[in-house]
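What follows is chain A paired twice: with chain B in the first complex and chain C in the second.
Let's look at the complex of A and B:
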């Protein structure tokens, strides 16, 4: 027993000393966190490794995947942020107070004028290095729509969209694929539909109200009622409630479904499953004939520097390195989005022709990011899952839930 | 059949009836492993049912799991954490349980209630403050911090099990040892400790499974990719815009190998421990 005890103590001591030695971080160490996974993270990691090799800095690179936001919230609460981190669309509203302005850094001259307002606070301070800009709508399968006799360019309103869904349903294919077990897919659905009900129709726009903390519950209920009708009409996949994100992409790639409310990266992912898949991107229909279809735009992959970092010099060097055209191009290419740096020239392959085609379409920032208080996203996802599951009175109940949460988070 | 006595025939028939039941149970327990295996051997382009084994299996997912996720390193780190926590838990909780079981004073009852109370505190409710303390102690990305936190949450269970088990050992043994000149420490090491094998097996199983599968604390404390444990390595294949189920399954397949090997090689001790524990 004594031997066992001694062994245990020695083991723990050795482990602790070893770990402590590893945890010591000198001034040449930069901690860096990025959200996402797959090609986007791989590209970032490769660029960071190249930076380490040429600069002599060590970068503690971390990509926690799905738990990124949860971890960052805890780290903000503890005021212990990474030296450099990805703001994934929330550079101003969520992370703004923790970030150092980047207006004076070398790369800033090359940041696209289009995205500067999105990444700048009220004082005009830009807070991040953006790599790409989301410019997305609804992903569709060209082959399925052709088989169903649907002309995608003729879809202008939600009524047109529903007529197209009927045609797709008539040929035995799934009109809309959605994997609601991954709550974020439900959030994406609402993010795409909500602007057409609240914002884009100038005559009835509630944008100013939302910015002032006034949320119209009845409009939200009408969005949910439309989704509820889609479920009742059989437009969604049979396993919409239990299905997942992977199933979505697979259904699109294998010509089983026509529409997917998802980012452009799905087009690239579908190509990995079926090289013969022909997916495109269309603008989001409007809610009235007097309004026009729109796109969603916004910040996507963007890195900021924690204003209290002890590795400021290294962090700035890292961002300047990553902003070089040839490096930034590899990161933007992995997302399938438009580069946010003007000196980066990039052909987005399968996605490019749709970006060019819809260049004149008006784009709005993500609804939850621009018009809702931080924290409402999870509520929107959970409420939407109830609507898709067609729980009793879900349309009205969830509209009330979203309003109550909006008010509470806004501080009303 | 006529020569077989009626009683033996009944036993034979009931044994036959048991076989399909056993097969069904076996199928239920093996099905997750089967699905895991089929997914891990499938290329991304194979969109057939998860139940169907791929027509052209690939090892590419395993190669990615080894090179990109560093799953072997993750297994090593998880083993270090698990072994450290389990060893410390066995030592500390058995030490703590002995006086608690033998001296039923009011103070000891309060101590025991306090220890059990720790089990009722949801880890998430103290996460931010716990994390802040760990940051202040420079414990982020260090083994000692995660070991300490996991141990804190495992100890109450160990102390509870050891205390109840020691209470079932007759006090007469302690008294006899005292008459023979043993002090409390010597009595514990020479008389009590050798009898704790069954409950130790239970403690080892319960806490090693908890530590091996821990995600929450490891996620917050071991933030750098170089410190990833098994669960953290697997989780990096899931994000809001990307899920690589095939590589994640390959990682999981590799990660369960040490656990299966460990259980198969030690199962006679575990089973014996459980039997002894139930008899006690």
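Let's look at the complex of A and C:
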């Protein structure tokens, strides 16, 4: 018995010493997690592999896909984060307390002034290396609109937009395609419409109220009422409630639908389905004739360093490497977005002419990120599904639901 | 003798430590969190007393999820057991291909419920779904099967029941094979019909099997999660959520971990209460052989 105990003790000591040795050598190993999928992750992975080959560091790269946010929340709760991770639009509100400021790092001088406020906390500390900035509106199909006799440049207000939808419907095509079974598509719809109701009309702006935790439920009900009217008028695809994101892009690529409330990357993805598809991007209409159409902007792919990382030196080297113009360009190009580093020059192909065309249009950050507490996104998506499904009293009930959740998350 | 017992008792320690670490500690931590406004990841949160418990009784999504959970639990139990008994009685008879039929009925049990949900998506999908393709063959208009919350709840109950009916069938087959043939022989001599034999011999003597099967199915149905996640994601809106999926949604997506913990705790008490009542009620009806 005694011999067995001594053996067990020795074994435990050996394991501990081995583990300690591993931890000490861990400084040459960097853990890195990124969100998203497809071309964006492939580009990041290729860049990281090139860094490994050149630097001698080992990067444990992970892209968990749809479960990224849940896993990251679990890791934050355990205070055990990857050394480097993607903040996907939430560098300040969600991940802020776990990130190391990057103002003093080499690449910071090249970060676009436009995005610095979005990625900085109240103390002026920038928290991430941003690769691209969303600059997007509504994606449309040029051929379908031409067939319906719609001049896209004449769409200034939601009333104009509805008139265009009527014309598209008249030729037997789907005016708006949306796949609400992927809840995020519903969130994108509300994110695009909400600023024109709450923010962009300066005379009636509720921006200050929202920042102070005051949510106007009646305005939200107006947005939902408009969407409900679109459903009643038959502007959406027949399977709007159960359709999916891939179906949306396919409908746009195959000239079955006219409008899609989606990011510019859809234009590139549609090209992969049908090389002859002609998709464009237009500004988001305003709610009143006295207001102007706008665009949505904001942080997209951005990497931060965990402030308690044991691999700080390696993580900084990795970010500096990825921020080099030729490397950062490959990552930004995969998203179809405007580069967020001033020394990165990039031709976005099919998307570029629309970015240039609308360069003078005012852009606002994503509504839920800028004016709502973290966590409301999920409520917006689910509430929007109820509106699209036209449940009884959904317009009023869901407006109350969104307000209650806003208040609860805000701590009111 | 005492020393031997002490030594034996030592062997409980690893199990007790693991149980305390992975069950007792998280349970009490969950109770504590249910009185906070923790968002699930931040290091700062505050105590808010009974607010979460008060809110959950006013929350329509919780009410809906609670009703759905009962439908999933009771509905699955009824369908699985009714079908399970019938299949077991049928498959207890000798005929050619009996083993093959048993295997086919049991096969879906071996598929992960998440995968089953994804497979079923291709049946109920509007555009490329197998059921709508069949409808189109007969000239009927396609139906968006999962767009209505009530219909989707029924579909989810059916999918879950049909996937796990094999378990009930196996339990009842084992139960049937334990019933001594002398009861049936005596009944036959007395001229008792098939229907009466089933209700007065088979069913009472199957009670131990019914207890096991009903309890397993009920708990499985009440905890339904994977197939909902795969097939509807709880939507449209919150219409098809069970309490399990709603807790998950509130905890991670809604960032209301304290509130989700409160719902979880109430749910735990509910399942414990229902399971105990059902087991006790069924045990009272068991017959000694």
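Quick note on the criterion: the second predicted complex is superposed on the first by the 387 of 412 C-alpha atoms of A that agree within 3 Å, B and C clash if a C-alpha of one lies under 4 Å from a C-alpha of the other, contacts with A are read in each partner's own complex, and residues count from 1 in each chain.
Definition applied: contacts are C-beta pairs under 8 Å (C-beta built on N, C-alpha and C of every residue); 3 or more make two chains touch, one makes a residue touch a chain.
Model, not experiment: these values are computed from the prediction.
Novice: In the superposed arrangement, does chain B or chain C reach more residues of chain A?
Specialist: The larger set of chain A residues in touch belongs to B.
Novice: Looking at the overlay, what does A:180 touch: chain B (first), chain C (second), both, or neither?
Specialist: second
Novice: Applying the document's definition of touch, where does A:68 land relative to chain B and chain C: first, second, both, or neither?
Specialist: first
Novice: Per the contact definition in the header, classify A:97: touching chain B only (first), chain C only (second), both, or neither.
Specialist: second
Novice: Contact-wise, after the overlay, does A:38 reach chain B, chain C, both or neither (first, second, both, neither)?
Specialist: first
Novice: Return first, second, both or neither, reflecting whether A:409 touches chain B, chain C, both chains, or no partner chain.
Specialist: In the superposed model, A:409 contacts chain C only, not chain B.
Novice: Please indicate which partner A:77 is in contact with in the superposed arrangement: first for chain B, second for chain C, both, or neither.
Specialist: A:77 sits against chain B and chain C alike.
Novice: Once chain A of both complexes is superposed, is A:389 in touch with chain B (first), chain C (second), both, or neither?
Specialist: In the superposed model, A:389 contacts chain C only, not chain B.
Novice: Using the superposition on A, tell me which residues of chain A are in contact with chain B and, in the other complex, with chain C.
Specialist: 74, 77
Novice: Would you pull the chain C residues touching chain A in the complex into a rising list?
Specialist: 37, 39-43, 55, 60-61, 125-127, 142, 144-149, 232-239, 249, 252-257, 259
Novice: For chain B, which residues count as touching chain A in their complex?
Specialist: 44-45, 47, 68, 80, 83-84, 87-88, 91, 127-128, 131-132, 135, 138-144, 147, 189, 193, 219-220, 223-227, 232, 235-245
Novice: Could you list, by residue number, the parts of chain A that touch chain B in their complex?
Specialist: Interface residues on the chain A side: 1, 4-5, 7-8, 11-12, 15-16, 18-20, 22-23, 31, 33, 35-42, 60-68, 71, 74-75, 77-78, 80, 182, 184, 244-246, 250, 253-254, 263, 265, 269, 272-274.
Novice: Show which residues of chain A lie in contact with chain C when the two form their complex.
Specialist: Against chain C, chain A makes touches at 69-70, 72-74, 76-77, 79, 94, 97, 180-181, 183, 238-239, 241-243, 247, 374-375, 377-379, 382-383, 385-386, 388-389, 391, 394, 397-398, 401, 405, 408-409, 411.
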